[in-house]
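Some structures to go through are shown next.
Each of the next two complexes has chain A plus one other chain: chain B in the first, chain C in the second.
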Partner chain A sequence: MTAFLARRMLQAIAVVILVTLIVFTLLELAPGPDRAAVVGTAAHSQFLVQYLSWLGQVLHGNLGVVSAGGESVAALLATSLPRTLILVGFSTLIALAVAIPAGIFQAARPSSVTGHGLRVLTYVFYSMPAFVLGSVLILFLGVGARWFGAEGPQYAGLGQVITDWRDLTLPVLTLALGTIAIFARYMRSAAADSLDEEYVEAARARGADERRVLLRHVLRNSLVPVVTLLGLSIPQILGGALVVESLFNFPGVGFQIWQAAQNHNVPVILGFTLVFGVGAAIGSLLADIAYALLDPRVRYARA
Partner chain B sequence: MADLLTITDLHTEIRLSGATVRAVNGISLSLAEGECLGLVGESGCGKTMTARSILRLLPPGGMITSGAIELDGTDLVQLPEELMQQIRGSDIGTIFQDPSTALNPTMTVGTQIAESVVVHKGADKQAALARAIDVLRLVRMPEPERVVGQYPHELSGGMRQRSLIAAAIACEPRLLIADEPTTALDVTIQREILELLDELRRDLGMAVILVTHDLGVIGGRTDKVAVMYGGRIVEYAATRSVFATPRHPYTEALFDALPELAVKGSRALYSIPGRPPDMRTESAGCSFAARCRYAQDWCSAHAPELDGDHPGHSYACFFPVSSVFGGGQAAAAIPVSAWLSGHDPSPRRSPAADGNGSSSGPLLRVTGLVKDYPVTAGLLRRKVAAVSAVADVSFELAAGETLGLVGESGCGKTTVARLLVGLEQADAGSIDFAGTDLTQLSTRQRRAQATGIQLMFQDAFASLDPMMRVRSILREPLLIQKAGRRRSHRRQVNRILDEVGLPADAADRFAREFSGGQRQRLALARALIQRPALIVADEPVSALDVSVQAQILNLMRKLQRQYGLSYLFISHDLSVIRYMADSIGVMYLGKLVEVGPAEAICAAPGHPYTRGLIDAVPVVTADPEAAQFGGGLSGEPPAATDPPSGCRFHPRCPLAQEICARQEPQLQPHSAAGQFVACHFPLEEAVSSPPPAGAADLPAAPSLS
Partner chain C sequence: MGSAAVAILVAMFAFCFLGPLVYHTDQVHVFFKFANLSPGAGHPLGTDADGDDELGRVMVGGQASLEVGIAAGLLAAFLGSLWGAASGYFGGVTDAVMMRIVDAGIAIPTIVVLLLIVTIYRPTEPVLVLVIAATSWLSTARLVRAEALALRTREYVQMVRVMGGASPRAVLRHIAPNALGTIAVNVSFQIGNAILILATLSYLGLGVQFPAVDWGNMIFSAVQTISSGYWWQIVSPGVAIMLVVVAFTMLGDALRDGLKSKSRGR
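Let's look at the complex of A and B:
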């Protein structure tokens, strides 16, 4: 297990280094002033020297400045990243909390009314783009019913953002509904596969009731593919956050990238791309670890 | 004894979209406490559905439509599901066929064994695990304290099946249902598991229903037998009388299809023509009539009742056998019917007499073949060990002959097959085929030159592309080799289909539309289409029913005669090997421990391991004494990552001496018949010769026990 973890860790580090290299190469292609804003004094030396010097700066938290003499990219990241993490974290937790039981239910009772209903719903949310879903929610629950705010929390303090549930609900819900749809579909097929296995039959033959079969035998086995999906879908979730944050005018990472893209602000885009890349690598690392924890065969085979 | 279980006129249907399968069609049987019933028949005959009906665990769409299943006076059919759950696992224990899929891979073995104790006895986790350890000890699991905390993948196949048995008996059920409990296991482990079941039945006073397709498993271990066909019981009697005088032609045919009973492999096995009936439609007459060799017009118009002319032996047939063929004879002595004599009267041909085999030497000569698979560990995946899959194996095979390679799982026989056809590269040694050393060829040369060796896979269905029509599957080898014109391919495909006994319209169908036996015919056709000199057949019949197995074996022998084919026939089943092979090679942990003429090896094995394998083959007899005969092998082969020193077999060998652990025995000439044995203390032909000191448990011949 230790060797397995160490190897996965090394692989993740290699991926991150590769990401920095790609980002830096993109930077090389950027127009002069933008590059100078990021690379700084090393702008005239060799590629490798430039890269290492830039990497050194990145490691010290220096990602360049947003605009000449203005706020640093790192500072912008420090204020926007926690907001995105709040948004993504809440919506992912909600998505898992809903999708796992919903998927198992659909697998256990595929032809029940609720099962069919859930399937239709997941199809609807699955095929509906986040900006449409968000707009619909704003229209009915925000502007129409006035239950929730139509705009994300605008406070500067994180504590205030978290407690502002009235404004936070719609962005979280928009992101969560799309994610639920993806996870529930995977969960359903994984649980259906697991229910077909002979060990489920064997558990029933030992007198296990449906509840025990689902919770003890099916749940853990069908979580394996979902956990992998979760790790791999972190970039997609962040991408979804980009749309949702723009839609709800919520100043998180996605919102800032969107703004930067519109203003051709290369340092911000690259700095944030780097963070996304590292996030994806960490996500996949966490998925591998969870995979190994869930399935003893993985631990055994790769130890 | 009062009857524990009484089934009366049970009907079970499986409703699919568009059709209803009458899986169980009116069966009645009873079972007393402590009694053992064998439920026999081909796949699809309804025996598993009968077992599932008792448990009320039917597949989706399945339901009991009428009849009663009384356990101790309670009708299980009428019981609400909650009460049924209380019976499953506590009153009825179940063992499944495949221990590798019937255990949850993400749960420890102990938790799964303890499950029924937790569910039924309300035990807490500690008490339940303590019980699990007790039960593991009962099923003679080594180191039960350690095993409870292990996951299924950490156990060998035999140990997994022991765990499943432990889980089934944890609450001391009064009825144990064992559905093909040994089919997925090696023949050596099969014996141990069956003996364990016998012992548990006696000690715990359980009644047992043994569901199997294998008459050898039933004989001598069951009190009575129910033979099922087409969802009905066609013969029902004490095991002794069914084996002595089978009355139903189907039962007789099942016996005749057994390779164990084929006399010295000199005649074709009887195979039941056709396929099991389509259970979606109700036939007016006897459902076996279409395949029955004695059927009259009357049979297809009238359905026979399950009835007996004397008490205790009932059968559903208008023209019962044994009365016609001089009843009272042992099954092994059932006369070869007139039907057979015209079918394949020619004795096994010898290649020399054939005039076909050139005198220039053998077709295939394998010398010093070695294959290791590296085992890596640690951060940098350093090679820390090697699985020694094939270690210095040498043998020869003449044109037109069959070499049978036999051994337990993991002995390296499949690796030999893969090396021969070029799916793996040998680490050392040479493969001389028709004068060329295949190991010296590049992949490209080999692909061009080695069409003379073709492979038949164990799992025919998995080896046939599900998206390709049969015509494309069969034509593919020709296209790859750019052999002949496309126009001629069509003709070749049609011809090969005819040769393997498939209709011409099979070419336009997909593999999934064929039965197991037909798929194996397709696999044979694909191997044959390039007209190879040698076919390497890796367990070609191990997934088939006996009757279908007989068809495939007969077909393979017919084609061998026709084309002078050689076979390297790999099987774990010695009775099949004996029927097919001219010579036999016995493998153990990557080593060839004995090789020689088939007859000589079967009659007087020289290696203790060969002796053990022969003893492990179930004897088709109703005699409990013969079936219980000890000997055989105990335990399972150790891991090939760290093969034992000296003779690799010495830790399991009853004759092992100190030298066996120290010095590796080489293959030495053993008998005048041409046997070679790698053993320091080879068995003499005469069993009475004094065994070496300390070898008191030398297995004796069955006749002497």
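Let's look at the complex of A and C:
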């Protein structure tokens, strides 16, 4: 286990360093003034010197300023990140609760009417971009039926944001439906694979009924990869959050990135990209460690 | 499932590229008199804010979506296959370095990198193809690398080495062609994905630029007046995107299932 952990940590460190390098290389593409806003006085020195001085600043929590003399990028991040976490947290929980049973059902009864129906629904939501789904929901449930607000919560306080279910429902639902489709596709194939395994055959041979086979053997064994799935889906979910936040005018991290892109504000996009990238790399590391804790086969096989 | 997917794709191609030859509409001029008409006689899918016919616009808009999506998807699959095949073939330190680069690239949400790049470069169709491919090849690289790792121990690849064949030749002539099944499946997913990414960029106002039209920027315009409830302006291009992406995803699934049962049969 220690060997596996050490190896995996080293890999994660390499990935994080590469993320900073990629982000910094992207900065090289930016026009002079934008670059100067991020690297400051080092703008005229060599690439490596610039990179190291920028990295030093970042490690001190200095991600640059939003505009000359204005708010710092780190402060903007501190106000917008909790909002994104609320949106992503709620929708991921809903997605897991729906997708796990839906995926297993599809694998167990692929040719039943419900199985076919779930399959079609999964395809539809998987292929529908978040902005189409979100605008359709706004059109019919927000503007049409007036059940929910057409805009995300606009309060300054996080407590008010969480309790404003009328405005929070549509953004959460939009992100959740897209995530359900991604997870359900994965669960279906994971469950289909474990249905082919020998332990399922063995359980059936011992006379276990189908319900017991599904709950005790298939569900348990397909839950382990869900941890990996969660870790690997972080970038995709954050990308979805960007679209949802811009559609619903919800001032989270994604919304700020979108605003920054429209105003050509390179320091903001760059700082936020870095945080997203490092966050996702750490998430994938944690997922791998959790996987190894849950499934001893992994740590013996890879270490 | 595969044949249904092909049928949808053929129909959508005919609709976008042959449709305008049969169903003539003026998508250039502005007709305020006819703005925002709901579906009815003369305009089966209604009109948009400029008074242009929605059905004709979905046809024309699909051309950009399909062209950029297919070009970017193919390019991404090609780049990813080369990277993955080389990484898996060489193994060792080269493989570790190449795959950590892929890990780092995957960690950063694609759409964010794209936003940064199109903020700096004016997005034209060729630029969009390049940047979408440059951010999507990573998943293909992972898949093909796994395949290459399995293939490099096969006798015929070992033979090339023993006979003193050059490495690039082994990668191009033996590894890549034998991973072709995996690659074909992936091309289908990559195209569907590229169409989604392009639509998302255009929807965010940073993809295909006015006066050019694609499905994403049609929805971008429609969302500006969403509180007026002109549902047809969102539903029409939305359904078009969905049909094409569903078809490419189903095609990929069908190819993968076919590949699986073939290798089991052996």
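We adopt the following convention: the second predicted complex is superposed on the first by the 288 of 303 C-alpha atoms of A that agree within 3 Å, B and C clash if a C-alpha of one lies under 4 Å from a C-alpha of the other, contacts with A are read in each partner's own complex, and residues count from 1 in each chain.
The definition used in the following text is that a contact is a pair of C-beta atoms (placed from the backbone, for glycine too) under 8 Å apart; a residue touches a chain by one contact, two chains touch by 3 or more.
Here the structure is a predicted model, which means the values were calculated and not measured.
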item: Which superposed partner A:Asp295 touches (first chain B, second chain C, both, neither); value: first
item: Comparing the two partners chain B and chain C, which touches a greater set of residues in chain A; value: C
item: Partner chain(s) touched by A:Ala6 [first = chain B, second = chain C, both, neither]; value: first
item: First, second, both or neither for A:Val266, with chain B first and chain C second; value: second
item: Which of chain B and chain C A:Ala150 touches, first, second, both or neither; value: second
item: Partner chain in contact with A:Leu141 - chain B first, chain C second, else both or neither; value: neither
item: Which superposed partner A:Ala205 touches (first chain B, second chain C, both, neither); value: first
item: Which of chain B and chain C A:Arg216 touches, first, second, both or neither; value: first
item: Interface residues of chain A shared between complexes with chain B and chain C; value: none
item: Touching residues (chain side chain A, partner chain C) in the complex; value: 11, 14-16, 18-19, 21-23, 26, 29-31, 123-124, 126-132, 135-136, 138-140, 143-144, 150, 235-236, 238-239, 242-243, 246-247, 257-258, 261-262, 264, 266, 269-270, 272-273, 276-278, 280-281, 284
item: Chain A to chain B touching residues, read off their complex; value: 3, 6-7, 10, 197-199, 201-209, 212, 216-217, 220-221, 294-297, 300, 303
item: Of chain C, residues touching chain A in the complex; value: 100-101, 103-113, 115-121, 192, 196, 199-200, 203-206, 216, 219, 222-223, 226-227, 229, 231, 234-235, 237-238, 241-242, 245-246, 249-250
item: Chain A-touching residues of chain B, taken from the complex the two chains share; value: 55, 57, 82, 85-90, 92-94, 96, 98, 101-107, 112, 115-116, 119-120, 151, 153-154, 164, 167-168, 377-379
